[in-house]
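There are two complexes below, and they share chain A, which is joined by chain B in the first and by chain C in the second.
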Partner chain A sequence: MINNVSKLRVTDGRVNKDIQSCAIFGVMDRSGRRFGGKMIIEAMKNMKVRGNGLGGGFAVYGIYPEYKDCYAIHVMFEKEEVKQKVDGFLNKYFDVVDDEEIPTKEDVNLDPPMFWRYFVKPQKKGKDKILSDDDYVVDKVMKINTGIDYAYVFSSGKDMGVFKGVGFPEEIAELFMLEELYKGYIWTAHSRFPTNTPGWWGGAHPFCILDWTVVHNGEISSYGTNRRFLEMYGYYCTLFTDTEVIAYAVDLLMRKQKLPIEVVAKIFAPPMWDQIDRMEEKKKKFYTTLRMVYAPLLINGPFTIIIAHHGEMIGLTDRIRLRPITAGEKGDLLFVSSEEAAIRAVCKPDKVWTPKGGEPVIGRLKKR
Partner chain B sequence: MKSHLLPEFIVERDEERCDNCKVCIKQCPFDVHYYDEEREKVMSKSELCVGCQRCVVYCPRNALRIVPYKAYRPNDYWHEDYIRDIKKQAESGGIILTSCGSSRRAKVYWDHILLNASQVTNPSIDPLREPMELRTFLGRKPDYLEIEFSEDDVEIKTELYPNLMIETPILFAGMSYGAISYNAFKSLAIAAKKFGTLFNTGEGGMPKDMREEFKDCAIVQCASGRFGVDPEYFNYSAAIEIKIGQGAKPGIGGHLPGEKVTATISSTRMIPEGTDAISPAPHHDIYSIEDLSMLIYALKEVTNYEKPICVKIAAVHNVAAIASGMVRAGADIIAIDGFRGGTGATPKIMREHVGIPVELALASVDQRLREEGIRNKCSIIVGGGIRCAADVVKAIALGADAVYIGTAALIALGCTMCQRCHTGKCAWGICTQDPNLSKRLNPKVGAERAYNLLRAWSLEIKDVLGGMGINAIESLRGNRDHLRGIGLEEWELKVLGIKGAGE
Partner chain C sequence: MSKLRDPFMDNVRKIENIAKAVKFEGNMAKIDARELNHKELNDLIRLCVEKGAEKIILKNVCGQRYIGTRLFFPDKKVEIEIFGTPGNDLGMFMNGHKIVVHGNAQDGVGNTMNEGEIIVEGRAGDVVAMSMRGGRVFIRDDVGYRTAIHMKEYKDKVPVLVVGGTSQDFLGEYMAGGIVVLLGLNRGKHLANYIGTGMHGGRIYVRGKLEKYQLGKEVGIVEMEEEDYKKLESLVKDFLIYFKGKGLDEKLDVDEILGEKITKLIPVSKRPYGRIYTY
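Right, the complex of A and B next:
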């Protein structure tokens, strides 16, 4: 299935959307201690029935301390000859500090494409000079994803990376040797159960822009509304999954508009009007305004998401809890999972609880 | 000249049932029924009948039937309407006047659009058990909110534009006091207030005695005739609408004949009693987009920037570009009236041939505003032939924020679409200023019917939303993924921005 699936899915802005169900898991050490992938791989194995082997992936934070100041660009090549183009592109727009093939195990039977990672620093020229580094990187990543066929950027943040593909999560972990090679302080993972799309390595989760990643379980019924609103802000969905919409909404609200997750959670999953109407005046006005202005970013229908970026991991489910979410704690470790069993499979938690619909579970790095 | 015109309806009277009670004579303002002293029984002149069905409903013995009369040899090209119109014009030499909305056989796009529902991968939501939210805000929205956080407190720093909050995305369209009776006007005002939505005064001003009570649920109109317009009128309102055009008669003005300008209408419209109220075709202070902008800001000034300003246009060929200009000129809400929209009087040629379907107009306006990144700077209300809750749902999914209903609201009050509004003899007391006729409509009963319609449609909208797995109307807005076309050409699907069924 080597072709440019993403391009085939658009017809005049009328979109073919992925439908899928999933398992998600996230674990963060709030003290910032870096740890290996064993725990999350075991947890994902525990939820194997929630996926069907057509997609698995991981996001890990804190894996490239030696290149802390560089954007780590993970690129997938469906055709090896495309690499030349991407090399040229990156060398034109960036100072490529280092690059190498992402090591993979050869005896894993997954038929993977080629993966490469580049550690880069922006080289802004001309009118790009007015852009912030982050906006510059976003712009260039979008250019690769929409402009260079058969190449796709998996992740583009500093000191973090996304590893994903077609297979069960434990197979992907084995392919990329996550257990052996990497240590991070946040790990999030996803196992996919797509219903209507062929396996495509780019279609697996997590979705990433800069160091923001999203793993998602659900099928949002507001997709068209959300997508068309985001288009007004220059986000064009090239993958046509719900998750991509959420990732862009997170980028717009949290990175660009600098709203904290506590507010963003109430935009994605706002309280009902009859709750708002009963609030005291000031709160009522706040929620009413929030819903009025950000109505097109209400995420309707079932979803559970784990959003992560440096220093923060967040779990959130939709406002009427149509998808499962469980949270757990053990010391500095915070867990968010589709199922409680997966948390218990990897540790003996101090506490587990079921967050309410629309109430975010937030893990923040402790100040040292 | 001997008239060649034939009756359009035949009155059928069941002689056995009729007991000559004369109720039909009293009910008919068109003098169809009469008592024949010689024969000592009630008789009818079918040639005068307009088919309003008033006598049928009120006949205590159920003795009457009014049936359409197709007189001429059927011909799909020389359709009966054309034959009758030609004969009429051959006798009168004038323009054919009519009313209501276009009744021509043109493609109805609503009927070529199908809705979606959830199955398996996404649960439908049961509207009987879960909240379903229809609350809607109309007006300009900021691009983003600046929020300030302090110790245990959040505060929104962004200055907000005025917005209207309505409990269902359905408003009553502009119908003036003058075009419709005081009782019809008031029926809609009461229903809107009770339901938590808005009615629209049309261009005839707002009766003084209603101002205080209904100021929060009235959109007051400022049209080319500027009837009843003064600062108090604008300030006793929820919003102001500048009416540029009307779907039933784009490009032309209006004419309320002097005989309808009664004492109360004269004081409401601020014109002498008995004089014709003529609305010019254009606003004579708006010959360009910059002129429109000046009027918009003049109205904002007079209301201290506390009310959203709506601009209403008819759906015409260039509607997307015009709408974009309107938003840039400062309109907070744009109202688009499709060619099916109704009227109290219009030349038939305008009603039947000018303007485009609102479905297509809406789709292209919404898309254009998004491409230009200004969709959130305004709300879109569409009207012109919204017949049922499904039309409302489809309109919202195509991109409307809310809909205007005019004809449907009047049908709820009693209208039977006989298309004789322009005669001023409405048997149902709606489109008339004859006190004997208008008293037939009790505003309390009228309000109850209009309220019930809003309620029924809102319930139906909730049902459909639940099926789609959506529990707030904002998640349907512009969500064309939930629409599919059937029996449409590729260009039509493209304009509507939807896929074909099965795709």
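Right, the complex of A and C next:
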């Protein structure tokens, strides 16, 4: 089914199993003030050695206020002629309010595929009418990603967007002119050092479904179990990268099942059994139930992730913190970073701290 | 774009092109690290030592790694003072120099350090004193996960780590030697779990309340003896000298610190996993 990644992949064998680490960074203005990309680009430059130029990307929230009610579908085309198919598909299932090529700088030497964005509203017909708008969009995104070769939807939320590719983050930012063109109230970013899976344009972080995005440093040894569980709920992993499962798991648990992040964190990174044994009865029952019901969504292996969606940014590590995380605060700004220096490179924080493994750092939009 | 790029070595400037970042004042050298990457900064530090600097002051450090590494001079010992936030593996493989950080440090402070001293007037990240084999590290505040993992000793080379605050989980994991002191100043209870998991040498002193379940299976609690107190007294004295006036509570004194309950942890076996493997 999936045979369309050969060209986009970077298949240089030397990157296999090279031991290094990715860089992740997130910044949120909890007052909702929108700001430019300079801060996060500089922070990522500070951590340049954590990546190797085989993947960089950004998620930004609040960038399309003029199309607030439309899903912004970002698509990459490895072959330009595939665009016709995607156009046809989207016009069949959606009201395409507007569409355009995503502006990119011509003289950036990265050999990118073609990028297009569509602002769409669902046009549900027949049995699809029972689906919520969000579920409908998930279903159609999965259909494009699994059914139309050489085309990938890599961003599908409202008033937000993912921009990513093969290059260092500052190169990807330059390609998409992030600093000049966009303002948002949450920015997350990733610099990749691929270890187990190929470095290719679709495999760069962030991973996105609807407005849920994930950037990830680490590797998920439970990928197979997680993926099979998610398939039962209609999520299909097509991007050859373990992080994808986290994006879908977050969509399932937080959007569909409406669990708060405090609980989701304990599904991904549950307390050890011996810790549960020492809890009082009510907690013990809760955590035991959680571990039993959601065992297939326990994320094993080292990870630090930054999850974002409208109104919230969350930093989380595995329960024994096998990847680094530092949080920082300055006024309404909340930072989550792989390294403290990257935060200090862009501001003088009021406070920095290192959360315990498995304990989420949560930034929420203040109520106005 | 299949060409692999090396973020460490690509675009490293030649030393003559960055030498303007150094200013000598007698036997002291100042380096403005603002525009320097990891290798450039370490190249310049080495140059300063070669040119006879005894003290090197680094300004505007922000994430540069391996500071103090690549400074093997059998008969030269220098002092490096850092303003800003040094990057990972500060003082890695260091052999005899002294580093003072006016601020926080990141992961891997004193990694496999052989001799010398690192003083951090703030907190530090994960794997502090990892595989350390000699010298001393003093951290004013807290440290992260896996502190002193696989620290080791041999004859008179006994590494020492003193932490003013507390540590996160896996303190002293697989520790094979050396001394770790957790003073737990300004806090009620240590929260670290799995302390000393796989430990098979050395000793850990923890001041303040500690529950049995916080310990790994491979450590045991033993009574504090006169010799332990003597050792701790000298280390706490130095700790106070280093950090008084540097953000530490001015009222603290040795007797007050050592008057609190102190738990001494040592391994129960020199070969905890001997029976797991077959031969």
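General remarks:
Everything that follows uses one rule, which is that the second predicted complex is superposed on the first by the 345 of 368 C-alpha atoms of A that agree within 3 Å, B and C clash if a C-alpha of one lies under 4 Å from a C-alpha of the other, contacts with A are read in each partner's own complex, and residues count from 1 in each chain.
One rule holds for everything that comes next: a contact is a pair of C-beta atoms (placed from the backbone, for glycine too) under 8 Å apart; a residue touches a chain by one contact, two chains touch by 3 or more.
Computed from a prediction, not measured in an experiment: that's the story for all the values here.
The wider contact with chain A, measured as residues touched, comes from B rather than the other of chain B and chain C.
In the overlay built on the shared chain, the residue A:207 is in contact with neither chain B nor chain C. In the overlay built on the shared chain, the residue A:58 is in contact with neither chain B nor chain C. In the superposed model, A:182 lies in contact with neither chain B nor chain C.
Applying the stated contact rule after C-alpha superposition, one finds that A:274 touches each of chain B and chain C.
When both complexes are overlaid on chain A, the residue A:235 reaches neither chain B nor chain C. Applying the stated contact rule after C-alpha superposition, one finds that A:94 touches neither chain B nor chain C.
When the two complexes are overlaid on their common chain A, residue A:77 makes contact with neither chain B nor chain C.
By the touch criterion stated above, A:320 is placed in contact with chain B and with chain C alike.
The interface of chain A with chain B overlaps its interface with chain C at residues 11-12, 14-15, 274, 320. Touching chain B in their complex are the following residues of chain A: 11-15, 17, 19-21, 195, 218-219, 221-225, 228-229, 231-233, 257, 259-260, 263, 272-274, 285-286, 289-296, 298-302, 319-320, 322. If you check the complex, the residues on chain C that touch chain A are 1-2, 4-8, 38, 62-63, 65, 84-88, 104, 106-107, 123, 125-126, 142, 144-145, 168-170, 191, 193, 213. For chain B in complex with chain A, the touching residues are 118, 121-123, 125, 130-131, 133, 135, 137, 141-142, 144-145, 147, 149, 154, 156, 160, 163, 370, 373, 375-376, 397, 468-472, 474-482, 493-494, 497-499. Every residue of chain A that touches chain C in the complex is listed here, in rising order: 10-12, 14-15, 46-54, 109-111, 166-168, 274-275, 278, 320-321, 324, 326, 339-342, 344-345, 352, 354, 356-357.
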